[in-house]
Amino acid sequence: MSDEEDKKMIDIYVMGRRYKVPEGLTIMTALEYSGYKYVRGCGCRGGFCGACSTVYRKEGEYKLKMDLACQTAVEDGMFLVQLPFVPAVRKGFEIEDVDPKQNDNVLLEKYPEIARCVSCNTCTKACPQDIKVMDYVQASLRGDVDRAAKLSFDCIQCGLCSIRCPADIKHYHLAQLARRIKGRYIDLESSELAKMVEELQEGKYDEELNKLCSMSKEELKKVYDERTFQKEG
Amino acid sequence: MITMDGYLYYPGCTLKTKASDYEESAMAVMDALGKPLVEMEDWYCCGAVQSLTTDDLMHQLAPIRTMCCAQEEGENELVTLCDMCYNVLKQANKRIKDNPDDLETINEFQDEDPDYLGDVEVYHLFEVLKEMKKEIKKKVVKDLSSLKIAPYYGCMLLRPTEIAVDDTEDPKIMEELIGLTGAAVIDNPKKTECCGSYHTVNRGDIVEKRVKEIVGRAVEDDVDMIVLSCPLCQFNLEYHQRVTDFDVPVLYLTELLAIAFGLEVGLKKHKIDPIKKLKEKDILE
Amino acid sequence: MSDGYPEYMRRSIEKVEATRENRADIDFERMKPEESQETLDNFHPDYRKEGKHELKVGPSKGELAPIELAELLESPSIIDPSEIDLSQVDYDVEILIVGGGGAGTVAALWAIKEGIDPKDILIATKLRHGDSNSMMAQGGIQAADKEVDSPVTHYLDAIGGGHYTNEPDLLKALTKDAPEIIKWHEKLGIMYDRDEKGEFVELPGGGTSRYRLHSAGDYTGMELMRVLMDESRNKGVPVLEFAPAVELLTDEKGNVSGALLMNLETNEYYVVRAKSTIMATGGFGRLHVQSYPTSNHYGATADGLIMGYRVGIPLRDMDSVQYHPTGAAFPDQVIGLLVTEKVRSLGGQPVNADGELFVNPLEPRDVEAAAIIRECYGREKGITTPTGMRGVWLDSPLIDFKEGEGTVAKRLPAMVRQYERFNIDMTKDPILVFPTLHYQNGGLMINSDSSTAVDGLFAAGEVSGGVHGKNRLMGNSLLDFNVFGRRAGITAAMHARKGQKPSKLTLDHLTKYNKELKDAGIERKNPSPMLLPEYRGKRVLERHLDVQVTL
């Protein structure tokens, strides 16, 4: 960074200690710039893994905010702490046993504490993915697995919802169960896939595949260059 | 009172699970009447008893959030079916409207979520049906005159007085609606007694005592069925007959209307099968 | 309108908007073989000879590798074999899986299906279970399951895209197992995008001649990993997090007999004895080959390549590195992050500063990347950001223009969210892109059952090489870790069942490797594996007391 000197420097407070960092960094790169080397609290660095949950409050503001360190730009006067781990017990299950047609409400059965939801909506406000967390908890409560699965689809399982919940709900584990039930039981099975799997088991493509495997580069190149392209799906 | 083409409908959790018969029949009946019930896009648990137990304002948050949802859908009238939800939503709404300070506190707590403006009115389906007597009568295609029916109100539709759908001591709304189908309605002296409510969870004995009295009286009067609108009363009155030798089905009023309209809906989740009785009377084939 | 762009960039965006309607239906001609070769030779970073180093030691001596990797391969281990006490075994297992990403997790699940008790498996992983490139894959997973398609066509697309360098046996396994893998996913409850009849909504990818890409929004990898981890937890597979393997262990015959792990928080080591060891550590994006930014996760530091190489597994195709054509180039905070190929699958076009379409949006990845570099540095038609990064526009609003408003928001929610954070609305404005270091095409040589040249060691996923040859197609990496993770799990289980507990645990192969380095006269100062990349500020590192405190 040759242009470091040209940049405006701002103050951030890492667990209370002040550092001066150049403007424009993310919380993650600002901590690294300050000399922290991550072991915990850093994963994909791209907003997909939920490892870098960060809690902060800005100087003079009453509100506690939550976000991902890798996706949030630092601002002057941020007081930061990371939450790299969330103690939230999940309930095990066998996927064969959670058919919604055979059960009254599996979600409520596995996570009875969802009935404690008082609609405070703190979970939704804590979510860095802007998921309507309370809404999917409410959908789960009334057995609407499909809605719970769809609403929670963008969940990166950082756990900030569950850390903030006054009713001690384990939202992201609940949502995971809802999505698996939807994927397995509510979504219809693909008949095209079933047909292809059957054909493969009958060895339908073996001969052609073996032929390709034994071709020389020149032979392959010829076939490849003559491919036709599917125009529409 | 309500002048829309249909009604924004708040179901409550029970109507989506145990009392789906109620919802299914009510929807079908209202469709048939040309005033469909349209389920709200977003809604939350009414808060059930939580919001009634103490004077803690925060317990009103759940029902008020549902008011906000209606408001965000651009509506100011909301219809619900479940007596418990009706009672909770109506009471919470009234309290907030009567106490501007409470409204402000709730809105402040909701923070960046939209404020509730206090403009939504909550109605029970009975209040809607009461205004449509003519239309209901026109839709009746089945002769129910062989049926003898005891109406049952329980508590939640009538108490406290401020939110009652009818006269707290001697309501008539259900009698009038049942009468439209041609069925015989008896004057049920037990119609506003409590079914035992949530005691069903851990004090079944209390509920059993209530059921013996309420259903026992109906048996004495030789009725064919009891008609009501509360899913919890419905469960209690049917389920706890297991300790008696009674055999009286308990139907939602909309199930009865659906039968009269010739609609094949509901009647699936009863602990005491109403279909047998209806077949005996040649009402169902 | 977004306010995330400075005024001069917005003027270029106006040109993009002006040409949009006329470009919408252009089917830009794909490059002829001669032109694509010329573009690769002149502009693709892989074709720059000065970026490569000829390996001086080890099983692939004489082969070329990127300098950044070669330096690690030709360095001594971070541990001194003479200082490690291996007499006390901390974990005694049937199967040790090194790496808790896609391949490792799939391997565990299939080893269990093959009859191994979950508690006799150990997944040791450097970060958390699931922290991996697998989690970040957005676009999708290829599998030929439609009437118009077949594993044969899939094979042909992949081998052509890989410039005919793919290992036939491996590629056959990849394409033939694919439908069965999707079937397995269906049973596990993975939420793939489907139509109302339950059939998969499939898209084309760069270099594919059919619509074959299954996806789950643009969170495909995340959805797969969430479910696989969830299932692994259901089965009770023990996982040691923040405990990477730092070296493999060998018996007296040189066969792999376990690994030495390190607790990253306490710095203590753990000795693991295993009948079978599966290497599933992923790739090397964090080495920043040729100083490129990377789309890879924090732990992608080539550890498995280093450990496997030292124990005697040859590497292949290491001279080829995949640069994803579209990494984010603006704003600074997201440089290098992946802009999924799905943006182009859905109809987004790369256009230059003047709003001109300059390449077919769906060329194989290396050709597409080279064309974008050519536009910026050969034809000088790129857009330069305020901090000097060059890129071209990826016209994302074109997708809504063609497919109807709301398509981008519905099909690319992760991308939209990422840009929204920086006040850029990609449904209304194009986004600036430039190639980013994305995938390690080559890796440890494996057989089609995922076994390696050394008994007791198996490998799967990005750490292994051969299946993609010198260039991987989009949607074949999620497939790769499933197909070969499964094969590794099954083969390792069979190997464990018939084998005895390893008689000896040694680090003799390290002593031997160190001697080889010495004999070759190599003295490097960056011991490996690297474990974690270094991003601390320059000023801090200059004043840093590099002392180890021993209690």
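A few remarks follow.
In order of appearance the chains are A, B and C, and numbering begins at 1 in each one.
Note that a contact is a pair of C-beta atoms (placed from the backbone, for glycine too) under 8 Å apart; a residue touches a chain by one contact, two chains touch by 3 or more.
This structure is a prediction, so every number in the text was calculated from the model and none was measured.
Among the chains present, the centre nearest to the common Cα mean is that of A.
Taking the mean Cα position of each chain as its centre, B sits at the greatest distance from subunit A.
Ranked by C-beta contact pairs, the top interface belongs to chains A-C. In whole angstrom, the spacing between the mean C-alpha positions of subunit A and subunit B is 41.
Subunit B and subunit C have CA centres that are 58 Å apart.
We define each chain's centre as the mean of its Cα atoms; on that basis subunit A and subunit C are separated by 18 Å. Per the touch definition, subunit C reaches subunit A in the complex via residues 33, 127-128, 130-133, 135-136, 143-153, 155-157, 159-160, 164, 168-169, 171-172, 175-176, 179-180, 182-183, 186-192, 194, 197-204, 209-211, 216-217, 219, 221-223, 226-227, 230-231, 233-234, 236, 242, 264-265, 295, 297-298, 331-333, 337-338, 387, 413-414, 417-418, 421-422, 532, 534-538, 540-541, 544. On subunit A, the positions that touch subunit B within their shared complex are 104-105, 117-121, 125, 132, 134-135, 138, 141-144. Within the complex formed with subunit A, the residues of subunit B that make contact are 13, 16-17, 42-45, 47, 50, 58-59, 61-62, 65, 109-113.
For subunit A in complex with subunit C, the touching residues are 1, 3, 24-26, 29, 32-40, 42-49, 51, 71-73, 90, 92-95, 129-130, 149, 153-157, 176, 179-185, 187-194, 196-197, 200, 205, 208-210, 212-214, 217, 220-221, 223-225, 227-230, 232-233.
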